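Below are two complexes that have chain A in common, paired first with chain B and then with chain C.
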Partner chain A sequence: MAYRADELIVFENVSKFYGDVLGVNRISLAIGPGVTSLVGPNGSGKTTLMNLMTGLIWPTKGAVRVLGLTAQDPERFFRLVGYCTQFDSFARGITGREFVYDTLRLHGMTHKDAADRTQESLERVNMVEAADRKVAAYSKGMRQRVRLAQSISHHPRVLVLDEPLNGLDPMARAESMALFSTLGKEGMHVIISSHILHEVDRISDQVILLNSGYVVAEGQIQGVRDEVKEHPMQIMVRCSRPGFLAAKLFAEDHIMEAKLHDDGRGILIRTRDAGRFYSQLHQIVLDGELELEAVAPADYDVNSVYQYLIGSEGATV
Partner chain B sequence: MAVYKRTYKPYSGELTANWTRFTILPRYSLAKIFDSKILIGLLLVSLLPFLVAATIIYFTNNPVARTLIGLRGESILSIDNRFFFQLLKIQGSLAFLITAWIGPGLVSPDLTNNALPLYLCRPFSRVEYVLGKLSVLFFLLSLVTWVPDLLLYGLQAELTGSGWFTANLPIAGAIVLGSLLWITVQSLLALALSAWVKGRIAASGLMFAIFFVAAGFGEAFNQVLRTYWGHTINLVYLINEVWADLFGVPTGVSFGRRIADPRTLSVPVGVAWVILLGVCGLCLLLLNRRLTAREVVR
Partner chain C sequence: MSSEGLAIPMRAKAAGYPWPLWRAQLLTILRLELKRNFFKLRGFWIYLLAFAPAVIIGAHAATSRGRCTLEEDTTILAGIFEVFYLRLGIFFGCMGIFTRLFRGEVIEKSLHYYFLAPVRRELLVLGKFLAGVIAAIFFFGCGVTLSFIFMNGHFGDAGRQYVFGGPGLGQLGSYLLVTVLACIGYGSLFLLMGLLFKNPVVPAVIILLWESINNVLPAMLKKLSIIFYLLPLCPVEVPAEGLGALFTVVADPVPVYLAIPGLLCVSALSLFYAARKIRSMEISYGAD
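Here is the complex of A and B:
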C-alpha cells in the first residue's frame, strides 16, 4: 500500500549545516507509519534529523514535511509531533504527574483534559504508582519513562524518541519496546534513535543507518542486514608476492577485484566476504607461500561503522 | 513495510488562548523560590520601606497621632514627588538584590541540561519561554516596587482627600513607568547572564560587577577626564536620572537638600533612556542567540 504525502514524514534533499559543521547532507527519505529506527554512532546526524522532523531547527537546504505540514504552522505542526528528548530539566520539587500535566498545559489543554491525559499517559508507561513522587527521587529509568509519558500524552501522530532505551533496566527496556511496537501498530509514526542496530531491530519496520551526516543504508531490517553483509570491502595487502596472491584468490567467488600496486609490493583486494578472505590469506601465509608485511582495510571507516552498528552478528572482519 | 491502520484519535478538545500559556512556566519557579529562606528574608526586608513610608504618611496626615508620640510642628515630611522618588530609589536597590539572587538560576538549568527542546517542541515559542521566565521576576519585583508604592499613593490620597489623587496623578505614572523600566532592565540582564554564564554564583557575581564595578570605572573616568560621561556605564546612576525626570525632581537633590551641583553630574535624560533601552535590546539579542533548541552531538 502506498501512503499519501500527508501520511509520510518527507525529507527532500535536506542538508543542515551549523556554520561550517555538517549536521546532515542531502537526505531524501519518506517515512511511513510504524516503527523506524535511526541508527548511527555519535555525530552521525541522528539528533539533527530528529530536530529537523520535530521542527526545532530548519534545514539549510531542502524541505521537511511531517504529514504534509511544516513548522511554519506551529499550532498544527507541534500537535502532530511528540518528542522524547535525551535530556531534561525538572523544576525542583516537581512530581512526575505535575511535569506531564504542565507540558499538556503548554499545549493549551484545559485543566480537566490535561489531568485526564496525564493519567492516561502515566498508565501507558507504567508510572502511576510513582507519579506523585518528586522527580528528583526518580531513577534514570523512571525519568526516562516520565519523559516518554509527556511525549505521548497529547496524542501525537508522530513520536520521536532520542535514545529512549538509555538507562533503562532490562524489564523497563522490554516494556518500552513493547509500548513502541504497540504505538507503531496503532498507526503512529514512531522514530527511534539508537547507537546499536540490534537494540531496536526486533521492533523496527524500517531502519535508517546514518554515518557522518549521510544515510548509508535504509529499508526493511533484513534488507539492510543483507546490504551490509554484501557490501564490498577493500583490503590492502603488502606482501612479497602480490601477483601470486592475486592469482590464488581470483578463483574465489567473493573476490570482486584485485589491483596490483605500482611498486609491485602490494595489492588492493575488493571482496564481498572479508571473513573468508582473511581466512584464506591466513592459510596462504601459514603455508609459507608469501611473506606478509601489512594488511589493512582500505575503507576502514565504512567497515568500522557497519561493524559498530550491526554488532557481532553482522561483523565481517 | 508493514501497513498500519490508524486506530487512535488525536486530541480535538478545547484549547486555551496562546497568550496564556507562558503563565505555566512561573508556577514551579515561584514555588521553588518561596522555598528559599534567604529570598523570604529579602522579601520581608523589602517590605520595610513600605511599612516605614506608610507610618510616615499616617503621622504626616494625623496631627493628633503626632502629638501623642510627642512630635510637634506641621508635619514630618512632605508627601510629594520627592518622597516617592526617594522611596523608589530604596526599593530599587532591594529589587536589585532579589534579582541578583534568583535571576541567574532561571534559565541556566534548562540550557545546562539541554532541556530547551522539551519546551520548544510544543506550540510554545522562544518568546513565550522568555516571557514565562521574565514573569517570575516581574511578579516578585512588582511586589517590592510599584505595587506597595501605589498602595501608599492610595493611602496618601485617602488621608489627604480634597483632590490630592487627581492633582498628583503624574506621581502614580512615574511610580509605574519608573518601576517597570527598572524591573525590565534588571530582569533581562539577569536572564541574559543566566543564559550565558553556567554557574549561578558566577552569574550573580557578574551582575554585581556590571552594576557596581562598571560604576567605579565610570567614576574613575569622570575624575581623570573631568567629565560626566563616565556615568553612561553606571546603570544605577542612569535609572536615577530617568526616575528624577519622571518624578520631576531636580538631579542631585535628596529629600530637598542639594547634594551636588547638577551641572557636574547630569547625563541628559534622553541619553539615559537610550542606554537603558539599549541594554535591554542587547540582552534580548544575547538571549536570542543562546536560546536555541538544537543539540549538536558530535
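Here is the complex of A and C:
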C-alpha cells in the first residue's frame, strides 16, 4: 500500500554520533501506519532512533520527518506524537492522575477536557483505582502503565514506546499487547522497541532489525525472516588446497564469491546459505580431498543477531 | 483516535500567533513549577538566606531599646541590604533557585516531559524564569520587608513618623524595587548558567568574583554586571570605609534613569541566549 509522505515516519540517511561514538548510521526508513517493532540487542540504536524520531536528540546528518512535521515545530508535532520513554522518573510527590492531567494542561486543554481525557486514558491502561496514589508508591509495572496512559492521553497519531513491556507482569503484558494491537488497527503508527523479537512479532505489521547502529533487515515479519535467511555470510576456511575448494564450490548457486588468501593457505567464501556450505565442506573433508585447519565466520552476520534476538524460546526462522 | 476536534486554544489565533494557547501553557508551567519546586522543605537554606537578617534585626530590636538612633539603624539596614542581601543572599538564593530550573530536571531525569509536550521551548524558558522570579521575589521581598519593619518598628512613634511621614516608605519601595531587579538580573544569569554548564557552581563563583571586583573594572566591562545597575538604585548611602567601600560604593555610577533599562537589557540578553540554547538542547541524561 502506497502512503503519502505526510502519512509516514521518514528517516532520510540519518546518522547520529555522540562525540566519536556511533548511535545510528545512514538510516533510511519510511514507516507506515500499524505496529512497527524496532528489534535489536542492547546498544543497537533502538532508543537513539526513537529519540531522533521525537526530537529529544537531533541527527548529526540527515533529516527525520513524522507525518510531514519535525520536532522543531513542537506545537503541531507533539499533538500528533506520544512517546513513552524508558526514563522511569517523575516529579516528586505527584499522583498518577496529576501526572497525566498536567501534561494535558500543557497541551492547552481546559480543566474539564484534561480531566476527562485523563480518566479515559487511565481506564485504558487499567490504572483508575491507583490513579490518586502517589507515583512513588507504585510498582515498576504501574509506573510503566501510567507513563503509557500519559503518552496516549492526547490521542496521538504516532505512539512511540521504548521497551514498553519491561517490568510488566504477564497479565499486564498481555493487556498492553492487546492495546498496542488495537491502536495499530485503528490506524495509529505504533512504534515499539524490544530486544526480544518473539515478544513483539505476533502483533507487528513490520519489523526493523537493528544491530550496532545499522538497520540489518526491515519489512513484514515473514520478509525479514527470509531476508535474514538469505543474507550473505562470509566464512574463512584455512585448508591445504584452497584452490581446489574454490573450484569445487564455485558451481554451487549459493556461493556468491570465493577469494583466495595471499598466503595460499586460506579462502574467503561468501555464501547465501551457510548451512549448505558447511554440509558440502563436511563432505569434501570426509572424502579426504583436503586437510582442514580452521573454519570461522568472517563477520558478525545478521543471522547470529537474529538468533540472539529470538532467544532460546523464540520462533523459528 | 486523533486529536482532531479537540477544543484547544490553538484554534483561536490572534495576529497569526496562538496567544491564548501560549497564555494557557505559560500559566500551566507557572503552576507546575511553583508547586513542584518552591515552598518545599528542600529550599530551607534559601528561606534561611532570605529571613536570617530579619531574625537578627528582630533580636536587635527586642534588645536594644534606646541604645541606638533611628539614623544609625537606617544606615545599618542599608549596609545589610547592600552587603548581605545583594551580594550574598539574593545572589546565592537566585543561584539555588534558577540553576535548578533546568539542571535539576536533568539530574532528576524529568525534563523530557516538557520537551515532549506541544510547548515551544522558548515558552518553557519564560515560564520557568517567571516561576523562579515569583518565588525569589516572594522570599527576598518578604525578608527585606520584615527587616525594614523590625528595624523601624522598635522606635515607636518616631519610627512610624519616619516611615509614613518621612522618607521611610519610599526607602522600602526602593529596597523592594532593587530586590525585584536583582531577582530578575541574577535569575536570568543563573538560568542561563544552568543551561550552559553541567556544574553551575564553578561559573557562579566566577560571577561572584566578577560582581565583587566590579568597582575596579574598566567602564565598559562594568556594564556587563548586575550589581553595577543595582547599587545606584539603593535609597540610603552607606558610609564608605576601608575594604567595605569595595562592596557599597560604585565608581562612575550609572544614572538611575539608565540603571533599570540597563539591567533589564542584560537580563533580556541572557534570556534570549537561553532561549536560543534550549532550541538545540538534547536530552541525554546518561551523559549528565
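Quick note on the criterion: the second predicted complex is superposed on the first by the 237 of 317 C-alpha atoms of A that agree within 3 Å, B and C clash if a C-alpha of one lies under 4 Å from a C-alpha of the other, contacts with A are read in each partner's own complex, and residues count from 1 in each chain.
Keep in mind that, in the parts below, a contact is a pair of C-beta atoms (placed from the backbone, for glycine too) under 8 Å apart; a residue touches a chain by one contact, two chains touch by 3 or more.
Everything numeric here is computed off the predicted structure, so don't read it as measured data.
With chain A as the common reference, the superposed partners chain B and chain C clash.
Using the contact criterion defined above for the overlaid structures, shared-chain residue A:277 touches neither chain B nor chain C, since it reaches no partner. In the superposition on chain A, contact is made by A:157 with both chain B and chain C.
In the superposed model, A:138 makes contact with neither chain B nor chain C. By the touch criterion defined above, A:86 lies against chain B but remains apart from chain C after alignment on the C-alpha atoms of chain A.
Measured by the number of chain A residues touched, the leading partner among chain B and chain C is B.
In the superposition on chain A, A:180 contacts neither chain B nor chain C. Judged by the touch definition given at the top, the superposed model places A:107 against both chain B and chain C. In the superposition on chain A, A:11 makes contact with neither chain B nor chain C. Applying the stated touch rule to the two superposed structures, the overlap between the chain B and chain C interfaces on chain A comprises residues 18, 51, 54-57, 74-75, 78-83, 85, 87, 89, 91-94, 102-103, 105-110, 113, 154-157, 186, 188.
Residue ranges on chain A touching chain B, taken from their complex, read 1, 18, 21, 23, 32-34, 42-43, 46-48, 51, 54-57, 74-75, 78-83, 85-89, 91-94, 98, 102-103, 105-110, 113, 117, 147, 150, 154-157, 184-188, 205-206, 220.
Residue ranges on chain A touching chain C, taken from their complex, read 18, 51, 54-58, 72, 74-83, 85, 87, 89-94, 102-103, 105-110, 113, 152, 154-157, 183, 186, 188. Of all residues in chain B, those touching chain A in their complex are 1-11, 13-18, 21, 24, 27-29, 31-32, 35, 109-110, 112-115, 117-125, 292-298. Contact residues on chain C toward chain A in their complex (touch as defined above): 1-3, 6-10, 18, 20-21, 24-25, 28-29, 31-32, 36, 40, 108-110, 112-121, 279-280, 282-285, 287.
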